[in-house]
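Shared between the two complexes below is chain A, which pairs with chain B and chain C, respectively.
Our next item is the complex of A and B:
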């Protein structure tokens, strides 16, 4: 087995690390929304897909420079996030008291409504663009595939871009949460929605801001991955969405750093599993991790864990 | 006397009027549609038992349906087992997996349980897809013999229809008797507050595992019927989207309501077929109907309270029995 620890294996680990960063990018937005509303946003994977398609449309029709492309996709993600909140989550926050804000019925109806919205969005995109893979124009996709060699190892420039994006997003999210007024509101609502309302926090606006931030990040993640992989398709959001969810559960639900670490661990584990068992079985890793975590560490590996799971 | 009327009406429609109409139309497509609707009725009834009555939101129900279908397919093509045996065996294998999966996950509640079932369902799908030597992977298993249980040739459209209708009615009876009994009330107690039910002395985990086993048994039967009537199974038929379709049937029909499960299954199978002229919009229609239902009809088309009223009026001996009724108790 040790003869497998050759340069090829290290290369696989590096690829796994960048896959893990992709999951982390998705998981950051996911965890942020869960932390504030205590509900699972099943449509987060579709936001990621919308980001990729918005990027594709922008590239085809406008061919903007990189910064403008990023800003356009960010705007599309924010718009999609706000629309999603309006359609799938707002109607279920009719009741203001804490019991119903955290009740089982509320959680499950928003779970189902976001699931329904995600189906509708995915199918609509499929009707418009077709279910097949769509290639990103070469001029943009190639920029993500330039090899950078480090000794014997080869790293694609896209992997560096993903790493940079993950670091920037994580840092900016921490900055928003800890250093700005809106971040203070978000943390207040996450801690206690009713209490936040009593001291004058506008809960609805805060929730919308949370969705805007989380979805903007999800959309940018979708764009980067679409560019890096060179092809996008309507169902692309499902797998990263589920894996980001697994990372969130493993990380303890409310902990963004925990989710990021677990996402990277998941990516590495998948790379190792691919190496030893093949691509098809590697998909099992995430689900096995999920079930093992839920059964043995129901509060997650990094969670404070007061809540009953 | 009145109590016999509604069941007789259901039986008359299912076993006389519908097959007569279908035979007169003489169209294989309509027979197939009726078969699929009835198979999905079994599936939505079984999910109703888990999600509606016992309150466990499961997102992996299609996996058990898939296990049933694959069991029937493999047993009848490789072992050459009779369809009269593959169908119950498929149910049992599926229930076995149900119990195995329920044992570790039943301690979880609400979202966590939902996600654990999602994960386990996808695990089963990935296994069906990748265990090529056993399931033939993405190629699927073809040439599954049609329904000829114990020498009776039911492979004609009418015979197949009657067998499926009989099994659907049987599962309707089972689910109905479970849901509208003291046992069913115990399950409803779990749904409302399982900690409270625990404090009242109900064996919470055991009840959950039992109901999961019963429901997965029915799902396995539905899978076997699907395998035998289609003649071909493929992992893609048992994915997450299929679980969502079944869940949508239950949600649209009304959580906890048995007529609701049937209405939901019929609506979500027949409506997209009726819309076929517009284009392949099945899943889009499912998503839209589900969303609109959650938004505007949170209780579903046929809510639980209305359904309980109906049951009490038309079927319920337990509520009418007076002092001579069976002794009170949760079983």
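Our next item is the complex of A and C:
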């Protein structure tokens, strides 16, 4: 098998790394929301899709410069996230008594409400725009799809953009969490929602802020990845959502650095797997990882620490 | 379910007592057409009906038979259960001598079982599943399958000097048939298939596959997929700077491919039976009239239905004056060199599979260009 360590193997690693970054971009917002609420937000994939569509509409009707485009999409994501929180999560935090706050059933009913919202949103977009892939104006698509040759290796401009976006998002999230008041509140609610409430943290506001941050990042990820892959369609959030979920579980459910590392490992493993068996089987890699993690590391690879988020 | 009857000639009124003839002749000839007019496939049924009306009107206007031919359209939503219900309705109507449709292979096959039992000729414009024509000698289709297309693409590649080829196809029944039919013919011609890759439906990440293929250093890549997957594949091939020529199945003949893939689609080879920009006069006439009457561009589906109706009408003309279900079947099986808008069509009298001329195309400067 050592004859496989050639230039193509290196190319395969680059491919895998960029796939991993795509998963990581989705996993960051996903894990942030899980960390705070302790519940999976099934509508995250739809936020990602909304980001892509919002960006596409902006491109078609306004053709804004890149910075304005990203800010617009960020705003759309924040708005969508707040609306999602209001529709699917807030109603289940109505009861303030201790039993309800501790109740698993209350929390887990948001699994279904977020799933319901995600279906409604996806079907609505499908009714309006159709289920097929949208054509992207060439100027913007080309900016993300330009090939760049490095000797025998090849990368695309979009891969660099996604790497940059991942670094910026990860760093700014760490800065928000560690250096700002709202970050302190988020960490407090994540660690102990009841305790945080007792010491005067405004839990509702913190949850809304978490959704705004996580969804804004999800929307930007959706646009960047949609442009880079050239695939904007209503169900686009599903596949990366599943992989981001696996990365989150592997990383220990509430560790953002853990999820990012696991997302990249997952991407690399999928690409390298293609070396040994058909690509049709590469999806299996994610599920094998998931099962192995659950069996041997029930708390995840990076989930042992006490600090959440 | 809706029933639409179109009597397109006032001629019906003019031959009310045709019974005076020595042999009792019908006052009209009825054809059934089962197709999806509602539901998720209604866009296709709409095209079929448009084309059928166009073909029928021209036929009746030409006055090739002393009695008019009419088509009864029945909506099945292309649902196999509805298709069976409609099939029963059609066979119970003694006036109906032949049936067109259905749209999907599964609906066509379920309806086909009913037609096989009773003995009703059935001609589907789109059912491409291998099992469809195997139901009984009553089933026909005028769409080619991979068993026909694969060997022709293999031959085309050989002519272009391709010796080593990599194949990529979608992981489903159809994708499997793309690979097996092509690979068999290509190997038989002395070529070598150096890599075969299947991808799961819904997957849009092809970089790993492309890298793996590039390592095998083939002379060409053959892809069997639909245009959305194809667009992602071609784009990523360009990003990875892989300059191996690509041949594609006719399923990629879709103007949106160029829109989605942009520069990535340049130089792709593909074959097709219908080309709306064809310079041939009868294709141009069809395209122009379709555009004028329905305000939209005809595609492969419109053309398939147009030819199916005309093939059946020709068979009825040949069967005249004894237009029975059995006679129409016999005459359908004799279809030879029918000059349709999707190419010259011949039915194999035994297998009832169509043979057609496949046009060769290449994408140049964002346009599908016919190669000669």
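We take it that the second predicted complex is superposed on the first by the 299 of 309 C-alpha atoms of A that agree within 3 Å, B and C clash if a C-alpha of one lies under 4 Å from a C-alpha of the other, contacts with A are read in each partner's own complex, and residues count from 1 in each chain.
By definition in this document, a contact is a pair of C-beta atoms (placed from the backbone, for glycine too) under 8 Å apart; a residue touches a chain by one contact, two chains touch by 3 or more.
Being a predicted model, the structure only gives us computed values, none of them experimental.
Judged by the touch definition given at the top, the superposed model places A:283 against both chain B and chain C. Of the two partner chains placed by the overlay, only chain C lies in contact with A:6; chain B stays clear of it.
Judged by the touch definition given at the top, the superposed model places A:242 against chain B, while chain C stays out of reach.
Once chain A of one complex is fitted onto chain A of the other, the partner contacts of A:154 are limited to chain C, with no touch recorded for chain B.
After overlaying the two complexes on the shared chain, residue contacts for A:141 are found with chain C alone; chain B is out of touch. By the touch criterion defined above, A:274 reaches chain C but does not reach chain B.
In the overlay built on the shared chain, the residue A:32 is in contact with neither chain B nor chain C. In the overlay built on the shared chain, the residue A:230 is in contact with chain C alone; chain B does not reach it. Counting contacts by the rule stated earlier, residues 238, 278, 280, 283 of chain A appear in both its interface with chain B and its interface with chain C.
By the touch criterion stated above, chain C contacts chain A in their complex at residues 171, 197-200, 202-205, 207-209, 211-212, 214-215, 228, 231-232, 235, 238-242, 256, 259-264. Listing the residues of chain A that touch chain C in their complex gives 6, 8, 11-12, 15-16, 18-19, 132-133, 135-136, 138, 141-142, 145-147, 149, 154-156, 158, 229-231, 233, 235, 238-239, 270-271, 274-275, 278-280, 282-283. In the complex of the two chains, the chain B residues touching chain A come out as 57, 104-105, 107-112, 114-116, 118-120, 122-123, 126-127, 129-130, 240-241, 244, 247-248, 251, 279, 281, 283-284, 286-288, 290-291, 294-295, 298.
Here chain A touches chain B in the complex through residues 40, 87-88, 91, 104, 107-109, 111-113, 115-120, 123-124, 127, 238, 242, 245-246, 249, 278, 280-281, 283-284, 286-288, 290-291, 294-295, 298, 308-309, going by the rule given at the top.
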